[in-house]
Amino acid sequence: MIELRQLRKRFDHADHDAVGPLDLRVPPGELLALVGTSGSGKSTTLHMINRLVEPSAGSVLIDGIDISGQDPVALRRGIGFVFQAIGLFAHMSVADNIAITPRLLRWPRDEVAARVDGLLELVHLDPAIYRARMPHQLSGGQRQRAAFARALAARPRIMLMDEPFGALDPLTRDELSAEFRTIHEKLGLTSIIVTHDMTEAFLLADRIAVMRAGRLVQIGTARALLADPADEFVRQMVRMPRLRAARLARAMGEPG
Amino acid sequence: MSLDPRLVMSSVIFGLSIGGIYFLLAIGLSLCFGLMRIISLDQLLYYSIGAFVTYSVGVATGQFWLGVAAGAAAGGLASLAVERLIFRRIYARDPTFSMITSFGLLFGGIGIIKFVWGVVPRPVEVPTLAQFDVLGTQIPVYRLIIVGIAVVVYALIWAFLHRTIVGKAIRAAIENVEHVEGLGINVGRLFTLTFVIAGALSGLAGGVYAPLILVDPMMGLEMLAFVFMVVIIGGLGSIKGTAISALIIGQVVSLGSLIYAPAAQMAPFVIMLAILLIRPTGLFGVALTRR
Amino acid sequence: MRFGPVVAVDRVDYQLRRHEVAGILGSNGAGKTTFFNVLTGYYTPTEGRIFYQGRDITRLSPPQRVALGIARTFQLTSTFDNLSVLDNLVLAFFRSHCRPTTLGLLFKRCAAYRDHEAIIAALHQFDLHPIAARLACHLSLGEKRRMEIAMAVLADPELLLLDEPLAGLAESEIRGVLEVLRRQVGKQTILIVEHKISHVRDFLERLIVMHEGRIIAEGGYEECLNDPQVRKSYWQIDESSDNAG
Amino acid sequence: MTAAKSLASRALSWWWGIAATLLATSLCAVLLPTPFMNEVMIFAIYVSGCNFLIGRLGFISFGQPAYLAIGAYCTAFYLFYVGTNPLVGLGVGVLGGLLGAIIIGPFFVRLRSDYFAMVNLALAVVLFYVTQKLLVSITGGDNGLWFLTQMQSTPLLDLTAPAQFLWFAIIVATAVTVMFKYLDGTIFGACCLASRLNEDKLQFIGYDNFKIRLVAFIIANTVTALAGAMYAIYFGFVSPEMGSPSRAAEPVIVTLLGGVGTLAGPLIGAFAYTGMKDVISNLIGNWELFIGFLLVFIMLVADQGIWGTLPPAARALLVHLRRAAGRARN
C-alpha cells in the first residue's frame, strides 16, 4: 500500500509548490493512473515515492512505514521504476540490463540467469533470441518490454511508471498497456502509472487520479469521473475518451 | 640540424614514460567527468601528495616502492575524505561549479603541503639506475617501468569497466545516472569508488614520477596544463581517447624539446587548438547531454 | 523544394507548394524530426540537395536559412527561460526585421522594440498579452508552445515548420494552440509533424505519410489514411484480414 | 505613465545607482590608503570582464591572467622600448588585448563551457611559460621590465602619481560599469543571455551564436587587457608573475564573492578580496591555504556571493527606496 500524506514539493528558486499538499492512498493490488497536463506535478509526485526527489514537506508511507527513514537505495530496490525515456543502457545486452541489480546484489549466477529468462518470457520476448541483443537492435516496443523486465528484476511489490508508453506509436502502445495489466495482476503488484492520456488511463487503471497545478482534483473510477466530473477541468479531461467511446459505439453498432 | 637516431630513440622512450604519467593523471579526471560530471582539478593535489608521501616514506624506510604504494594509498585516502566531505554536496551542480571547488581544494591542499613539508624542493632517489641497450642507445630501465605501469593500469581499468558488474554499472551510470539510481543501485557508492580510484592513480603517478623531478608543493600546478591538454585532446569521458592523447602529448613534449627546447611547452597547446578546431569535443569526446 | 537521401531520411523527393498547409504523419523513427532537422540545417544531408525558392540551401547554416524565411518550432519546447515573454518575441522579431550585423546588435536597445506594434499585435494574436512580462521559465507548456509559435511567426517566415506542436498538451491546452495555428493558415507555407493528426485535419490540405525514412503516401487526408500501404505500416492493418470496416 | 517616461525613470534609477557607488568610492578614496584603493579599482575592472563572461555568457574562464598579461605586456613593451606616454601605452595595451581576443576568440568560443574553462587555463599556463622562459630576451624573464622612471607625466591627471592615478582608475571603472550596464539593455545583451540558456533556439531564430559569443568574448577580454595595462602603468613594472596560473582563480573567486552577474559585484568583490588578502597575508604567509579554502567555502555555503547573500530585507529596502525615488520624480 502506498500512502501520501500532505506531501509537498517546492523546487529551489520557485515561488510556488510544484506539488501539494497532496493526500492519496493506493491500496494493495491497485493500478492507479495519475493523469494531468504537463507541469501538473505528476512526475514529481512519482519521483517522490522512490525518493529520486525529496519532498519539501509531508510524508510517503509504504505499507504503513514512512520512507523518509529508510535507506533510499534499499527502498528503490523494492520499487520497480520505468522511465519516460526508456533508458536501457546502450552498451549492455538485454540480459545485462535486466541482471544489473540482481548481480550487484550478488545473487548466485544461475539464479540471475533463470530470473532473466523468466522475466523475458513474462514480457513476451523469447530469451533465446533477445538475451544477447543490444538495445539498438530492438524496436521501440521491444525496448519498452525489456525495460519492464528490468524494473521487475529485483522482485518489487510496487511498480511506478512515468509515461511508459509515451514514445510509442498507438498500436504498440495499446498492446503493451494491455500486457502490463496482465503482468500487474499476475504478480499482485501495486502500481502507479503517470500519463497525460486520459483514454489510456481509462483502459488501463482501476482508479484515476486527476492532478492539476500540483493538487489532486478528483480521484475515482473511470465511471465515476465520467458520471460526475468534479469541475470543468475534469470535464475537459474526460471529453476525449467520451467522444472516442461514442464514435466507437456508433461504429460497433453498424454491421461490420 | 641532423638528429642523432640514438637521441631520438631515448627521446621516444622519454616521451612514452611522460605520456604514461599524463595518462595516470588524466584518466582519473576523465572518469570523474564521465560519471559524476565534475572537473576534478584536485587530482593534481593527490598527485603532489603521492609524491611527497613517497619521498617521506622513502626517506624513513629506504624502500622506494613501499613509498609509491603509500603515496597511492595516501592519494586514495585523501580523495575519499574530499569526496565524502565536499564533492558529495555538489554533484548536482554544473560541471564548472565543481571546477571552481576543486581548484580551491587544489590550492588549499598546496597550502597544507607547504605547511607540512615546507617549500624546499625535495629530491627522491631513482630506485634503479640500471640502463639497457637498445640499438646502441642506453635506455634507463626506470623509464620503461613507468611505461609498464601505465600499460598495466590501462588494462586493469579496461577490464574493470568491461568485465566486472560494478564496472558495467559505472558505465551504465555514465550513460544515465538517474536510471541507475531508479533501479535501486547505490550510485553514491559508485561515485565514491570512482573518485577514490582516480585519486589513488593520481597518487601513484606522483610517486612514480617523483624520482625524475624535484618534489615541490607547486608540482601539481606545473602538471595541470598538460593534463588538461591530454584530457581535452582525448575528449572528456573517453578512456581510449585519454590514452591515445597522453601518448601523443608525451611524444610531442619529448621530441619537441629535442628540436627546440622552449617550444616543447607550446607545441601541445598548438596541437590542442588544431584538434579543437576540427572537433570541439576532442578526439573521442562524446556530445554529452546535460542532466 | 527537393530533398535527397539522408541516413534516417531515405530518398525523399518532395515539393511543397506556396502557402500550402501540409502534415507529416509517421510512426516513431519514421524520420519526421530528422527530416525537419535536415530542412532547417541542424544536420547536413549525407547526400542529395535541398532547394528553396529555386536556390540550393543544402550547405547553409541555420541562421542563414532563417534569413531566407524558414522558421521552426521544437518538439520539446525551446524558449529563453531567463528572458520575459516580451523579450523572447523582441529577439525573434528584431532579427528578421532589422537584419542587423552582430556588431549592430550592440547599438540597439531591447526597450526600443518592446512596444513595437508588430510585437504588440503578436502578443494579442497569440493570447500572450496577460503574461508578456513573465519569465519564460514560469510558463505552462501550452503557453510556451504558443510563445514558440508566436516567435516563429514573428520571424515572418515563408515556410513554417512545426514539430509536434500538440505533444504533451492536455485537451484544453490543445484547443488554444489550434486556435492560434488556424489563424496562420494561408499566410505562409506550413509543414506540421503531428501524432494527433486528427486534430489538425481541418486545415490540412495535404498529408505526407513517412515510414522508415521514406514517403509512402501523400495526398488528401482521407485519401492518405485509406491508402493500403499506410494502413499496413502505420496502423498495421492488413487489408486481407481487416473485415471490421 | 507613458512608455518614454517609464524608460526615462528606469534609466534614471540605475544612473542613480552608479552615481551613489561613485560617491561611496570617492569617499573611500579619500578615507582609505591610496595603494589599497588603486588595487581595488584596477582589480574591479579586471573582474568585470570575467563577471560578464560568467554572468551573461555562462562561460567560466580560468585563463583571465593570460588576457591580463597580454594587456600588461603590450603596454610594457611600448613604455619600455618605444615611448614614454602612459596614455598611449594604455591604448597600446587595450589594442593588444583586442587583437589577442580577436585571434584567440574564434578557437575558444566554439567550445562547450567546461572545455572553455580548461582551455583558458591551459592558455594562461602556456603564456606564463612564454613570458618567463621562451621570450626572455624581450620580456626579461623573471626579472620583468621596469619602466616606472621612463614614464612622462600626463596633463590633467598625472598617471605617474598614485593619488591622481586613483581618480583616473575610478573614472575608467565607472566607464566600464556603464558600458556593461548599457550592454545589458541592448539586443546584444539579450542575445548573450539567450545563448547562455538555449543556443540551438538562438540559431533557429536567426542569430549566429558563434558571432555573438565571439563579440562578447572580445569585449570581456579587452576589458581584462585594459586592467592589465592599468596594472602595468600603476606599478611601472611587469613580470611573468602577473599572469601566473597560480592566480588563475582570482577573478573567478572575486566574481563569485561579489555575486555573479550583478553590476556592483566586481567592485564589492574586489573590495572584500583585497581587504581580506591584506589582512590575512599580514597574519599568515600561507595565502594558498586561505584562498583555496575560501573558494571551497564560497562554493559550499554562499555561492550567491556577498551581494546575493545579503539579507533579503536589505535588498527589499533598496528596491523600496528606488521606487520612492522614482515616484518623487514623476
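A, B, C and D are the chain letters, set down in written order, and residue numbers restart from 1 in every chain.
The working rule: contacts are C-beta pairs under 8 Å (C-beta built on N, C-alpha and C of every residue); 3 or more make two chains touch, one makes a residue touch a chain.
If you're wondering where the values come from, they're calculated on a predicted model, not measured in any experiment.
The set of chains touching subunit C and also touching subunit D is empty.
Between the chain pairs A-B and A-C, more C-beta pairs are in contact across A-B.
When every chain is reduced to the mean of its CA atoms, the largest separation from subunit B belongs to C.
Inter-chain spacing, taken between the CA centroids of subunit A and subunit B, is 44 Å. Each chain gets a centre from the mean of its Cα atoms; for subunit B and subunit C, those two points are 48 Å apart.
Mean C-alpha positions place subunit B and subunit D at a centre distance of 33 Å. Contact topology of the protein chains: cyclic, one closed ring where each chain has exactly two touching partners. Across the assembly, chains come into contact as A-B, A-C, B-D, C-D.
Residue ranges on subunit D touching subunit B, taken from their complex, read 60, 62, 107, 110-115, 117-119, 121-123, 125-126, 129-130, 133-134, 245-246, 248-249, 252-253, 256, 286-296, 298-300, 303. Listed in rising order, the residues of subunit A touching subunit B in the complex are 50, 52, 73-79, 81, 83, 87, 89-92, 96, 100-101, 103-104, 150-151, 153-154.
Residues 15, 36-39, 140, 167-171, 196, 198, 233, 236-237, 239-240, 251, 254, 256 of subunit A are the ones touching subunit C in the complex.
The touching residues of subunit D, counted against subunit C in their complex, run 3, 7, 10, 183, 185-191, 193-194, 196-198, 200-208, 211-212, 214-215. Residue ranges on subunit C touching subunit D, taken from their complex, read 40, 42, 61-63, 66-67, 71-72, 74, 78-83, 87, 90-92, 94-96, 100, 102-103, 105-111, 113-115, 151-152, 155.
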